[in-house]
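Paired with chain B in one complex and with chain C in the other, chain A is shared by the two complexes that follow.
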Partner chain A sequence: MTRPATILLALVVVLGLAAPWLAPNPYDHQFRDMASASPQPGFPMGTDDLGRDRLSRLLYATRVSVLLAPSAATISVLLALLFSALAALPSRLVAWTLSLANGIFLSLPWIFLFIILRSKLSLNTDPLVSVTLTFALMGVAGWAIPGRAFTASIVEMKDAGWLLQARAAGLRPWRIATAHAWPHLWSLALVQFRILIPAYVLSEASLGLLGLGVADPMPSWGNLLRDLQHPDVVQANPWTLAPLALLVLVMICLESLTPSRKAAL
Partner chain B sequence: MTPVGRESTFASRLAPGRLALGFLTFIATILIGGFAAAALVRYSPGFDVDEDVLNPHLSPATIAARHAQREVENGLPRFYLRYLARAAHGDFGKSEAFNLPVSELLRHRASISAGLLVRGTLGGLALGSLLAWLSVWPRRLTLELSAVATSGLLLAIPPAVLALFFFFREWPLWLAVALALLPRVFGTARSILEDFYSSPALLAARARGLGSARLAITYVLGPAAPQLAALAGVAVVLAFGSLIPIEGLCDVPGIGQLALKGALARDLPLLSALGLIITSLVAGVQWMGDLTR
Partner chain C sequence: MSSVLDFRISASYGTTEVLHQVAATIAPGEIVSLVGLSGSGKSTLALALLRLLRYRGGVVTGNIRLEGTELTTLSESGMRAIRGRRIGYVPQSPGLSLNSRLRVETLLDETWRAHASRSANHRGLLESVQLPADTAFLRKRAGELSTGQGQRLLIALALMHGPALLLADEPTSALDAIAQAGVLQLFGRINRERGTAILFISHDLLSVAGISHRVDILHEGRLVESGSPAAVFRTPQHPFTRQLVAAMPRLTLPD
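Moving on, here comes the complex of A and B:
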């Protein structure tokens, strides 16, 4: 199951990266006399209600979603590592503050943060700003989940026998951290990274569907899903389901590569 | 671990020091969440607009004196304390978009969201746990694969898309909340059940010839109760998170739709109140969950 999933994911990533070359038209170009057109030569998936080529928009949306979700996951994991490193300090106050910060970030429902962010942005916000802010906020808000795992791991390490042995052998703290603790944390970081990617892909889709994610005209899987709110459009052009099909396919591939389902909750 | 071992771990969680620290964290989370909410309102556009400037009956000196007094009163620390004191009495200010007190809006819509939340959470917990049980207990590969595939497919679909499908089919929306919750419950419930299923205590009891029902109750459900209770807490939080897109897209007049309308109308007093309430709710549920975990 792992190999087909990896191959499929690689294919989707390549499609996204090659969007500028593969897309028959610019994603934001409006063919004003071709609004809501059915699939036809030149527009294999038809056009949307503003006359934009659906296939081109899907390819560019793939690029946005598959590249920026890992970027947001990287931000979360790096922030989590940075904050959790404080757990190594021998201070109870630091440990409590860390646990408090973790609790606060876990208590704030992500979607609500995006609503507040959206209410602060002007209606004509540049799409590039909105896409950067959306994924950056996802990355920042999401540090608490891997942070909890890193903190628990570091606290466990503090009582580990190998650490006492390394200290007794006269190793410097920096050497212990880089040569002994880091390899353990690195593997945990990779696991957390892989858990966060599908979570962020799905979050972006939900936000986009609500109009709170990436702003038009830049396409993302989320804002392409907004067509699903009009069943008549879906019935007239089943290609409107293509973003959902691609999203489900990618999510299934990512899930099958996700190491621990228990940690994902 | 034996049931007795589990109980002692649970008891240690309820030790006074740990309980106090958990409560302190809970209060601090609410206070900081409240501070963030108050800061949002305080620095919202138009908050500083001084109507006295347009009053022709006031001298420039009076206007300046009143402005200075307002500056002091509306400084963030004082404003925050006033906001918290009012919020503690259920007064969250007035919604700009609806021109009604926020508390009144919340009162009207809370019952609708609560109904959806309770039925959705219970449904999600029941379906997720049932699927987890079927994938672990009978030890049949086909059942296990079917359960994993169902959960995997539901996890891959955004809850809002699921809700839209139910909405257009005119099926009950709580079922969409339950199905959105199912894979999240399934993953954790399955891990918990697997741990207990392979425990030495259960294997020994099975060797002694205990019946399936007795084994399940004594060696799986009983000892796993604290963890399953924690899972129920997390499920409430997850279901609440899915209410905003589901109510917003499917035109359900609940708190989720209120939050979305507030966001689209840039109604900061309303958003701040909702932020404070949701933070308190989630922090409370997580605290309870941490105690039982």
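Moving on, here comes the complex of A and C:
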């Protein structure tokens, strides 16, 4: 299962990254006289209600997801590593404060922050700014779960026999952290990174569906899914289901490649 | 300099005292075995001597003199310079005490660089503890080693900087009988060839008696008897030592 999933994902990533060259039209160009057109030469998947080429928008939306979900996952993992490393310092106050912050981040209903973010962005906000802010916020909000895993791992390491052996050998704390502890954290960080990518792809899709994600005219899988709210459009042009099909396909591939939760812990 | 190590310490975890005024002197080239039951404070003593007990939540009071230097007043960086260089520590479980993610060569290099700046060839060291020194072995991760190989690697790491004293905390407890005999012989050879003093901590009086110059008996955090192996075996004085000697396995075969 992993080989076909890897090949399919690689294909999707290549399609997304090559969007500027593969897309027949700019993603935001409105063909005013071609609104809601059926598939036809020049518009293989038809156009949306504003006359924008669906295929071009899908390719660019794929580019957004394949670039930014891993970026957001990187932000989360780096923040989690930073805070967990700070929590491992001898200061109990720092550890307590970070534990409290972790609890707060896990408890907060983050959707309200996205609502606030969208309300603060003016209608003519640069699409790149909107998409960057959306994924950056996801990345920052998402540090708490990997942070808990890293902290648990670091706490476990503090009692490890190999740590005692390294100290007894006279190794400096910095060498113990970088040469001995880091290999353990690195593999955990990779697992957490791979778990977060599908989570962020799906989060963006959910936020986009609610109009809280990437702002128009920048396409994302989330805001393309909004077309599915109109059954008559779906019935008239089944190609509107293409973003959903692609999302489901990518999620299945990612999930089949994602390490189990057991491995993550 | 009359002794390598001279100490008198007490240690406690919270309000529970686990070592009470335990005192001993180890001369250069001497092998002293500290024997006691599980929970008698043996491992606590090893960590206390290295001043690592605080990482297990313990507190040590008293004096520890290593080659004339008082260790209890040294700063942490001062202790780091002692650990691994003047005192080698051999822990009991290779499975837990070797970082399973690291390759043998990384463990050797990291341990070497703790006290030296130039790179070194570890072939001679590995051969001295009867480990292969080929690339295939060096590239192995510690988690891939057998228990016997792991224990020998721990001994090699402890010996790397030519310490004056080896602290061996139950180094044979995880080994089978043949590997145990091999490791005990190795300690004996290290002592003879390098003149390294050894504090051998064990629960097994029988196994350590053959290589020790002196045996100290630890019972409930106190040293209750000290003497040559022959004296301890033949004329044990303390009731606990008598119990320990009486409990030693004897081979009785059916007719």
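In the analysis below, the second predicted complex is superposed on the first by the 260 of 265 C-alpha atoms of A that agree within 3 Å, B and C clash if a C-alpha of one lies under 4 Å from a C-alpha of the other, contacts with A are read in each partner's own complex, and residues count from 1 in each chain.
In this section, a contact is a pair of C-beta atoms (placed from the backbone, for glycine too) under 8 Å apart; a residue touches a chain by one contact, two chains touch by 3 or more.
The structure presented is a predicted model; accordingly, all values stated were derived computationally and were not measured.
**Student:** Under the stated touch criterion, which partner chain does A:L225 make contact with: chain B (first), chain C (second), both, or neither?
**Tutor:** first
**Student:** Check whether A:L67 is in contact with chain B, with chain C, with both or with neither, and answer first, second, both or neither.
**Tutor:** After superposition on chain A, A:L67 lies in contact with neither partner.
**Student:** In the overlay, work out which of chain B or chain C sits against more residues of chain A.
**Tutor:** B
**Student:** Touch check for A:A152: first (chain B), second (chain C), both, or neither?
**Tutor:** Neither: A:A152 stays clear of chain B and chain C.
**Student:** A:I252 contacts which: chain B (first), chain C (second), both, neither?
**Tutor:** After superposition on chain A, A:I252 lies in contact with chain B alone.
**Student:** First (chain B), second (chain C), both or neither: which does A:S107 touch?
**Tutor:** first
**Student:** Could you say whether A:S206 touches chain B, chain C, both of them, or neither, answering first, second, both or neither?
**Tutor:** First partner only, chain B.
**Student:** On the A-aligned overlay, A:S99 touches which partner chain: chain B = first, chain C = second, or both, or neither?
**Tutor:** A:S99: touches chain B, not chain C.
**Student:** So, does A:V14 touch the first partner chain B, the second partner chain C, both, or neither?
**Tutor:** neither
**Student:** Return the residues of chain A at which the contacts from chain B and from chain C coincide.
**Tutor:** On chain A, the chain B and chain C contacts do not overlap at all.
**Student:** For chain A, which residues count as touching chain B in their complex?
**Tutor:** Residue positions touching the partner: 96, 99-100, 103-104, 106-112, 115-116, 118-120, 198, 202, 205-206, 209-212, 225, 228-229, 231, 244, 247-248, 251-252, 255-256, 261-262, 264-265.
**Student:** Over in the complex, which chain A residues touch chain C? Could you list them?
**Tutor:** Of all residues in chain A, those touching chain C are 158, 160-172, 175, 179-180, 183-184, 187.
**Student:** For the complex, which residues does chain C have touching chain A?
**Tutor:** 47, 50, 52, 55, 80-85, 87, 89, 91, 93, 96-102, 106, 110-111, 113-115, 154, 157-158
**Student:** Considering the complex alone, what residue numbers of chain B touch chain A?
**Tutor:** 21, 25-26, 28-29, 32-33, 40, 152-153, 155-161, 164, 168, 184, 187-188, 190-191, 231, 234, 237, 240-241, 244-245, 248-249, 259-260, 262-264, 266-268, 271, 274-275, 278-279, 282-283, 286
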